[in-house]
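Labels run A, B, C and D following the written order; every chain starts at residue 1.
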Amino acid sequence: MNDLLRHRLFWPVVALVALVVANTAHQPDFLAIRTLDGHLFGSLINLLRQGSPLLLVALGMTLVIATRGIDLSVGAVAAIAGAIGLTFVAGAGDPASPATVAIACALALGVCAVLGVWNGFLVTVLGIQPIIATLVLMTAGRGIAMLITGGQITTVTSAPFKAIGTGFWLGLPIPVIIAAAVLVGVALLTRRTALGMLIESVGVNPPAARLAGVSARGLTWSVYVVSALFSGLAGLMIAANTMAADANNAGLFIELDAILAVVIGGTSLAGGKFSLSGTLVGVLVIQTLSLTVTMLGISPSVTPLFKAVVVIAVCLAQSPAVRERLAARRRPPAAAATTPEVA
Amino acid sequence: ACSSGSSANTADNGGDDTITIGFAQVGAESGWRTANTDSIKSTLTADNGFDLKFSDAQQKQENQIQAIRSYIAQGVDVIAFSPVVESGWDAVLQEAKQAGIPVILTDRAVDTDDDSLYESFIGSDFVEEGRRAGEWVSQNLGTEPINVVELQGTTGSAPAIDRKEGFADAIADNSNVTVIDSQTGNFTRAEGKTVMEGFLQAHSDIDVVFAHNDDMALGAIEAIEAAGKVPGKDIKLISIDGVKDGMTALADGKISYIVECNPLLGPDLAEIAKKVVAGEPVDKRIVTKDEAFDQEAAKAALPDRKY
Amino acid sequence: MSEATAVVEMRGITVRFGEVLALDGVDLTLRRGEVHALMGENGAGKSTLIKTLTGVYQPTAGSVAVEGRPVAFSGPGDAQAAGVSTVYQEVNLCENLSVAENVMLGAEARRAGCVDWRTTRRRAADLLARLDVRIDPASSLGAHSLAVQQLVAICRSLVVDPRVLVLDEPTSSLDADEVERLFRVVRRLRDDGVAILFVSHFLEQVYAISDRMTVLRNGRLVGEFRTAELPRRELVRHMIGGSLEVLEQIDQAPRRAVVAGAGARPVLQAVGLGRKGAIQPFDLDVHTGEVVGLAGLLGSGRTELARLLTGADRADSGRLRVDGRAVRFGAPRAALRRKIAYSSEDRKGEGIVGDLTVRENIVLALQADRGWARRLPAPLVDEIVERYITTLAIRPANPDALARNLSGGNQQKVLLARWLATAPRVLVLDEPTRGIDVGAKAEIQRLVADLASQGMAVVFISAELEEVLRLSHRVAVLRDRAKVGELDNTDDVGVDAVVDLIASGEAS
Amino acid sequence: MTVVESPASTPVTMLRGAARRVRLDRRYLPVVGTLVVLALMLAVGGGRYEGFVSGRVLSNLLINNAHLVALAVGMTFVILTGGIDLSVGAVVALSGIVAAVAFRAGMPAAVVIPVVVLVGTVIGLLVGVMVHVFGVQPFVASLAAMFLARGLCYVIAPESVPIRDETFVSFSDVSLDLGGGWRITGAGIIALAVVALALWLLHYTRFGRTVYAIGGSQQSALLMGLPVARTTVLVYVVSGTCAGIGGLLFAMFSRSGYSLTGVGMELDAIAAVVIGGTLLTGGTGFVLGSLIGVLVLGLIQTAITFEGTLSSWWTRIVIGALVLVFVVLQRVLAGRRVA
């Protein structure tokens, strides 16, 4: 019981459950999952589908943050990916052919990889602070996306492309499958290999990691590439969701949501230890929060207030000070360390 | 030497009657805005006797004020702009007035006590747009009890406030029409879709969607279709703007009615600007001719729709 | 000395960190005008006791009284205000500020609400002069070596005219000269009636300066003793608890082995290697099975030399050869590829990765060398970690403890384990015994000798000249950031010879 | 000795003194780098556009960005401690709205102005308490405060509210002509006063020194016995207050309050601070740098207007590119730092 209470993710999960309960109380079939033509439908499925792009972006962000960095350009990169994907499909002879769509996606992801390389270059080679390095692409990126779409909202009809955003496979929404696959992939890659530990060492103490022969530059660099790739994938999903490449609004402010998700999940912005499951919980909390606003019919003008209250509540409950107090009530008093570090 | 910004611009002080016009655009936040920009850029050309200085404020009032100040410093002949916000322009407009540069507003009005700060306003009436949408709903669908959900524009923006108000006004005396929910979809397709998905979860009895712009309506269509319903039949959609994608959906019967909000302000602006520079009197308020379309009208209009 | 009045009385102090009972009912009495040594092995609880005194930790049980009045400091600020001034074990200063600012921070001279920089700087300069630290007070602290920083930290503790001065291993990276200077100041303060709590693993220093000592073992109080009445062997027995095995080890600590195959090709050879502003070009050969000691005063450039050998810093002149082949190290990684490892003197800044576990810290370098894709198999990791925890007696012996929660000495051991785990051919150790207790120090020295006899080449840096001499086959002497000579360490070479060389720059 | 000082000696010694100071303090290099690039940009702009380097255009830099100067100053404090404050943009909107609504309700300027600044202070205090007492990460704490402030804006008045109070309007109309096209407004003077106050706070008070110490190492600052708790909270209070002042200045600038003002303004403030040579990791930086940073951003905006033909997308791309050129040049000039 104590262990459970002290778990890092205890309060975020409580918040998540509370939101789900509130929704269910308001709308009893909130938890119901129906099948329609063999596809799963229902609020929860919707939630997962809508949360998929955010999860992708947040996964990349988690890795970047673990190295003490931050990537503000994710939204712009997503917009670029969507713009490239849809513009290519629109221009192709046969928009409905899977081959066209495959090429479009490959092209978009390829460009995103280049953008990631660019970010990584600014951070690792030129040594520009990550927040500014990625701010450059955040600003310019939407311009590039608009340049690609000519300032229009490109609209296309292409069934295979649309499937990326709204399709089903084995009864499950394709975006959910993609996001889950990426999550599992990243988890395996970081936890089954030594990648996770090495990234964390770079985040905790860069000089020490360097002396230990960790190729900090290579790792940091690739983390930005990964982040851009995942953002690109998210961008394709966002574009496919409405089949429109909206250079201005696709993935707008997604960087803030992603960072928030990462932090709610218990990964510190100071770098170091990261938690992928935490990020997943964070994403679910944020996505459920947005849905709750609609479900409960909260007025648009108080929506930000509502969000602020929930975020503050989760953060305070998670805070060491409050946990210490809670723990103190349950156990014989412990030495309260005012500094985390000990000589 | 180059200290006084208001010194005459060298480009047009000879016999040559090119008009230097500084245009401060809001941004490029939507397809509508891009069409608006295109119209202005393609009308105010050198061939038509204009030297256009164009700037994009990226949706920020401070950038727009900055741009106007800079136009004053550069000594243009006319300043035109689409204000991001209604209020807060007195100071900079005063500066323009002192420098003797006439100002023309497009698309959105400014809220000021001093009418002399600008020459003319060209644009639509957002309240009227909302009212027309509301009237259509009330007359055509409100013959039996219906539930309406509203997809609002960006919270606090003038079009969102005015369209909501106009719509509410128009349906006020029809007890059949009830707005059961209203959320912001931020004028974007993606959010329009997300919010509509939420609406569909939260309410099983939606008859009509009123979207403050076409993009949100298009997003809502996606959501309705994904939920296995037929837009235009099970749920009817009304929206405002009349961009090409919206008109296509209207022609396909997915949207039932669109109130136009005409972005092609270029020709009007050119005409007014010439008059203002020539010192001729102009109307203080020029409301653009906005049409409204149903399916038939859309089919007819679509082939030569430019934006 | 007569029983003077007690300034600080700590009674029954118990401190618990989660499962770890760091202190268990410990008493400590500090009297006016005495130097009181706090003794114990690594992890015995010395630093924790000190931090409890200064309010960094709140005790689970027990009481603290200063001048007879019970106190509960809520932080070092409080303690300082009550006249308890402390130098903590790791240098805790701000590298981004100047030396003068670091010394005076929180005690700046003020005039009319404004910081009076002129007076502030002058007072800082005076204090530095008192310890004979000859550096520019306006220079940035980060530009100075760890030893200098330690001296600055000591200066800082003297700013407020303390009634109680707590020094947690202040001498760990100071050379003999610096220590003597520090002791002069300490004695003067003692004579002025200040109570001084002193922690050190150097027994000579403890015996030279302290009047009385309190010995801790495993978080428990062993007892309080008068220094004059406690023979060294007895003290060590108290510290390590009964068994005298370690003592024997210390006595028969290895004397250097015979120089192996002189004239053979060196594993590592530096020719004219140098870096502007850091160290002048130097030549150095390191052979297999050889321990090369680096001797020199504080700031003489030993660390810089070591960093150039191992790619930690890039050389801007000269060449480096491994097995006779020219190499160029752009980063430590390149050096590690060639099995050349460097253990930094700055374990907090460049050594320990605090938020990782002991296990991860130990295998970090090995894993980095293998590449991320080939994770070390878990059984192998466990075996390695197990082995080093046992050999180096790392405490707590829990591989899953966070490295930052270990005591200073144990962190040093973890660091050492990291480099040993990579099985290097050349191991460059910069102050590896810094802050390590007598037993562990003997163990490490033996380890170095053993490794050398098994064919490893070791470059050994230590502030303790005796230690360098005891272990090395050859000693390279540095002065003013230049290598000034080299000695074959035959039996007749003593500390004096090296000191002469340092002083004159010529081999005697 | 009564030697008559040779006329040449004064400037020479002065120069030497300056040179020594520059050589002494590598810490000033980033700021100097920023200044040099600013000058470079002016030169290029002046060559390219007519009337670019004129008193009027340059005065406009401060007039148009007075609010941003206030924000950047507050942000500098926070960033120096290694924190970040994302709430400032929303606080600008909130205090602007509060001002507009209060004036609309007929309250006198003497009441409204302090209240408006206080709004910022309170939000800053909230962030500070969350950060320090509850150990919430600054990014998240201030993000929550941003939502909170934005939400309050919508609740108070979703529409844009004009300010017509005569005292206020006449005060915001204050404009001193300095000759040659140069002028300064009341807002500009307030902004400069904020900068001066910040300079004093940071360099001549213990509070300021503690700010730097915390940025260097919070743990060390704590063990050094500095008032870390109080300072951490205060830093956010300062930033909040500056944001309140920024809101006031923006209200003077736009003579209205609007719930959507200042979206993304926090990023501009952060960018200005960082361009001004302050490290986001804390501990190094100068408030004057932040002032220059704001001017640089303003200059980029001005250059774009002068270019006159950029489409929306090219505007964004060019802004991004200029920021990049700037940061890279500054790094080259200031030399590589160990990250």
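We adopt the following convention: a residue touches a chain if its C-beta (ideal position, glycine included) is under 8 Å from a C-beta of that chain, and two chains touch if they have at least 3 such contacts.
In this text, all values refer to a predicted model and were calculated from it rather than measured experimentally.
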{"item": "Reaching subunit C from subunit B through chains that touch each other, fewest steps", "value": "2"}
{"item": "Partner chains shared by subunit B and subunit D (touch criterion as defined above)", "value": "A"}
{"item": "Chain of greatest Cα-centre distance to subunit B", "value": "C"}
{"item": "Interchain centroid distance [CA atoms averaged], subunit A/subunit B, Å", "value": "34"}
{"item": "Separation of subunit C from subunit D, taking each centre as the mean of its C-alpha atoms, in whole Å", "value": "43"}
{"item": "Where subunit A touches two or more other chains at once, by residue number", "value": "146, 151, 300-301, 303, 338-341"}
{"item": "Sites on subunit D at which at least two other chains make contact", "value": "154, 158, 219, 222-223, 311-313, 315-316"}
{"item": "Shared-contact residues (touching 2 or more other chains) in subunit C", "value": "56, 75, 88"}
{"item": "Chain contact graph, described as a line, ring, star, complete graph or other shape", "value": "other"}
{"item": "Every chain pair meeting the contact rule", "value": "A-B, A-C, A-D, B-D, C-D"}
{"item": "In the complex, subunit B residues that touch subunit D", "value": "2-5, 10, 25, 27-28, 34, 37, 52-56, 58-63, 65-67, 69-71, 73-74, 85-91, 111-113, 154-158, 161"}
{"item": "Touching residues (chain side subunit A, partner subunit C) in the complex", "value": "192-195, 197-198, 200-201, 204-205, 207-215, 219, 272-273, 332-343"}
{"item": "Complex interface listing, subunit C residues touching subunit D", "value": "56, 75-81, 86, 88, 92-97, 101, 105-106, 108, 110, 113-115, 117, 138, 140, 156"}
{"item": "Partner subunit C, residues of subunit D touching it in the complex", "value": "24, 26-27, 200, 203-206, 209-210, 212-213, 215-217, 219-227, 283-284"}
{"item": "Subunit A-touching residues of subunit D, taken from the complex the two chains share", "value": "130, 133-137, 139-141, 143-145, 147-148, 150-152, 154-155, 158, 219, 222-223, 267, 270-271, 274-275, 279-281, 311-321, 323-324, 327-328, 331, 336-337, 339"}
